[in-house]
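Lettered A, B, C and D in written order, each chain numbered from 1.
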Amino acid sequence: MSAEWSADEMMTVAAARQLRDGTACFVGIGLPSTAANLARATHAPRLVLIYESGCLGAKPDRLPLSIGDGILADTADAVVSVPEVFNYWLQPGNIDVGFLGGAQLDRYGNINTTAIGGDYGDPKVRLPGAGGAPEIAASCREVIVIMRQSPRSFVERVDFVTSFGYGTGSGDRERLGLRGAGPQVVITDLGVLRPDPATQELVLTELHPGATVEQASAATGWPLRVADDLRTGEPPTGSELSVLRALKAATGGSRSVAGA
Amino acid sequence: MSAEWSADEMMTVAAARQLRDGTACFVGIGLPSTAANLARATHAPRLVLIYESGCLGAKPDRLPLSIGDGILADTADAVVSVPEVFNYWLQPGNIDVGFLGGAQLDRYGNINTTAIGGDYGDPKVRLPGAGGAPEIAASCREVIVIMRQSPRSFVERVDFVTSFGYGTGSGDRERLGLRGAGPQVVITDLGVLRPDPATQELVLTELHPGATVEQASAATGWPLRVADDLRTGEPPTGSELSVLRALKAATGGSRSVAGA
Amino acid sequence: MAEIVSLAEGVAELVNDGDTVALEGFTHLIPFAAGHEIVRQRRRDLELVRMTPDVIYDQLIGMGCARRLVFSWGGNPGVGSLHRFRDAVERGWPAPLEIEEHSHAGMANRYVAGASGLPFAVLRGYTGTDLPRHTDTIKPITCPFTGEVLTAVPALNPDVAIVHAQRADRAGNVQMWGITGVQKEAVLAARRSLVTVEEIVDTLEPMPTQVVLPTWAVSAVALAPGGSHPSYAQGYSVRDNDFYQAWDAISRDRDSFTAWMHKHVLDARRNA
Amino acid sequence: MAEIVSLAEGVAELVNDGDTVALEGFTHLIPFAAGHEIVRQRRRDLELVRMTPDVIYDQLIGMGCARRLVFSWGGNPGVGSLHRFRDAVERGWPAPLEIEEHSHAGMANRYVAGASGLPFAVLRGYTGTDLPRHTDTIKPITCPFTGEVLTAVPALNPDVAIVHAQRADRAGNVQMWGITGVQKEAVLAARRSLVTVEEIVDTLEPMPTQVVLPTWAVSAVALAPGGSHPSYAQGYSVRDNDFYQAWDAISRDRDSFTAWMHKHVLDARRNA
């Protein structure tokens, strides 16, 4: 890693780069919101940010403090009720990209934000729960996941499927009648994983500058497959870094991610 | 009939008197709207007028030209969508009184606004159809009907049940699970009919001043029962008449009722 | 993102013969100019959907654009019958008109289901009426928790929805206010949508009771000032009540109707 | 018609031990003052309902007011865990907490069904997740038209809904704006409702994005300026982000939590 930028900054920049201008993006708070706002402030000025609080087309000039920060309502094209944002905007497949984080992710892109260890009725760690994620994962045309990678978080099989990725592999989404394509890319602090087109298993396709396959494998709780054409991503540009830092500074200090 | 007021004016005044102050009333256009606005302008200043266009608590100072007249939105406590007015306000039983007109009414208070004669696919007269009436008739705590009386309009059995009254008599509403009490009073240009508590058949309980039982019977297409304690209503007061005429004058001339 | 087009282009691009077309607007903001353009472009075999087929659908039906009507109340509001609608239903002129008839609550919920990406909606509706005997898109449904039987109606997903609004900005974001009826639901339920507007402005000043349709939820926006006449656009025009009264006489007779449509629609272009 | 009452009177009259109580407000307009009054009045055995049980429910749970929680996301937004919620679920302190867990889409639709007088709602939801294995209020339902299988959830009809709004007028009409979440649905779904407000005014100036609850749809209105602190009331206050951060440390430990609640809630009256 370079001393000029942190692994979290690299992860955020890599995630932001995934967002195409002019698309509509359903944004969770924390890392997804930071990355989406970075994208809007750099290469994707017409990115449409949708927050589950009912703000459609929010245009904050700092990072929102919560999913329902007043700046989202003040700058939105439309403010609608929470039932409406889920029923009229998310459910019919009107949103291009869902942007999710999580506490656990497994090799088929399933996400756990509910409970870890023990059993559901008597968990070792109780997490916040589902929120909007199950339906974001199901109904957005595609899903981008952003999560720090570690053997505890990248597991063989999640303890609880809060948000469905590819289930146990190829064909499961189709069998269940899910309309969205599922998690097409997972951005971590070490690199980028994508589902194998045949099996839907997440495969390392890209390393961030300075990160190694060994680090990525060590931070993954399943035998990590590496793509034949593994590439190394571009480091953050000066402009990306300065915009990201300015967004955070305007917010009054960086915020930690919601979760356990 | 006195020369000082018309039968239609008497009917409208009698209907307005049925509305208690402070209640919420779902108002159809035409005679119901005239009567409800007269009530609000006289004895029931806190009557809540609800129009199916989504205007809750409209306070027009003239008669609206249509169910969606701009004056309704301008003066309403809240303007909501059409789905919302039916789903959140009417359907759960939040509205005290539904105020309906019709083209045909039968002895059990069922109303037809769909088609007369022939059969449904090839009717003699095609009427406008249901509009909001079926659910108003079902879900309001009670229903008031206002209709001019004639053998063609007051029939043994309606050709088409657009809005359910008491079906074929006592117990039908309960069997169908309808929550509202149904048509508790029918105001005509000759008098007032109410359902017999035992059979739910509409019975003449009141005559307007100057009207006779013979006229009412002749204007009814079934053998009309007359209540033992038949009474004669009060004529319109000077104040009722002047307010009614002022409301109509402010509207720019009286309007005919929607319908065939 | 919505394209800004002329009304003629919008109708030509978005409305095809045989389409299911919903023109919505609940007594307010009725898209008359767009309806007239459909007549001018001589669209045929349309399945017309509308809660309140009033004068605008009387015109489309009388001009032979429709093969089918899905509706809940067909009258001239505040005046009386729709004579062209009745002539089509009662006597098959100028062509037989198949009808699918609902209540307002049912139609509104059908649009809600369509906008929500669901195949059906549930309501307390139609109970005890004769409508379910004649309309096969009304079915019972049982609550899986209580066992109570309610009514289901299928989603409406028109090929095209057309509505009229007060304003759009240059990016194609649409703003309407006042009585906004079922227009949001109709646009979101439809595969394509055309919004005619009184005005295209630089920025949309927020208004109480506003409904905003973001540009990415609309196919095309066309400038059509006065495009809701004889209905009204709150803040821009008032209802031409005399026209609704006059329509009764114009439309009562086939010849006077046809002459009026030729003079005022086919041979004229509205100020769009 | 809504009665104008003091907050203490409103809670005393409307909230009983054992009730199902929904305090709503989606990050904005969270009715903290009312929650604190429930703590002060030492209500017990409540079934607490809320999409986002955040700090306010952490406080109610930690003070032993709740026996059951119906929810979809329980965290300290932007900060992390709810330690009192976790302590109750993981270790049963101060009392075991039964949970009924949904997604936001499911909870929102449960309120919609409740507000609509329907026993259930239909959505595309929960598919493939483990939630239906643990939550018996999630069931399949088949479309009677297409045969497609969707998800049904039962209506929520709380005994009491409590929300915070910017303003009411003297007749008890309530006005809120900005992010209004699921508050209208919660109030309409509930048997009784209490609205705390920043201000009681003579007339409600219309606002873009406003939601108005007419007085006849509300049981009681209580003046509680600042009553949404540490959340915010748009136009009146900003989010006290430092408090949310500080809550993490306060609530992590049972003793420091209890001491804080005694000092700031039980022994204090808010400025209401």
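As a working rule, a contact is a pair of C-beta atoms (placed from the backbone, for glycine too) under 8 Å apart; a residue touches a chain by one contact, two chains touch by 3 or more.
As the structure is a prediction and not an experimental result, all values here were calculated from the model.
Colleague: When the contacting C-beta pairs are counted for A-C and for B-C, which pair yields the higher total?
Modeller: Most C-beta pairs in contact, of the two: B-C.
Colleague: Could you put a whole-Å number on the gap between the CA centroids of chain C and chain D?
Modeller: A distance of 39 Å separates the two centres.
Colleague: How big is the gap, in whole Å, between where the Cα atoms of chain A centre and where those of chain D centre?
Modeller: 28
Colleague: Using the touch rule from the top of the page, what residues of chain A touch 2 or more other chains?
Modeller: 87, 91, 139
Colleague: In chain C, which residues are in touch with two or more of the other chains?
Modeller: If we look for residues of chain C contacting two or more partner chains, we find 117-118, 123-124, 148, 184-185, 209, 211.
Colleague: So which chains actually touch one another? I want all the pairs, not just one.
Modeller: A-C, A-D, B-C, B-D, C-D
Colleague: Please output the residues of chain C touching chain A within their complex, sorted ascending.
Modeller: Checking each residue of chain C against chain A gives 1, 115-118, 173, 184-185, 188, 211-214, 216-217.
Colleague: Inside the complex, what are the residues of chain A that reach chain C?
Modeller: 22, 24, 48, 56-57, 77-78, 87-88, 91-94, 139
Colleague: Touching residues of chain D toward chain A in the complex: what are they?
Modeller: Those residues of chain D that touch chain A are 26-28, 51-52, 71-82, 85-86, 89-90, 101-105, 108-109, 111-112, 123-131, 133-134, 148-149, 178-182, 184-185, 209, 211, 232, 234, 238-239, 241.
Colleague: Name, in rising order, each residue of chain C that touches chain D in their complex.
Modeller: 117-124, 137, 139-141, 143-146, 148, 150, 152, 154, 206-210
Colleague: Where on chain A is chain D touching in the complex?
Modeller: 29-30, 52-55, 65-70, 72-74, 79, 81-83, 86-87, 90-91, 114, 120-135, 138-139, 160-164, 167, 172-173, 176-179, 252, 255-256, 258-260
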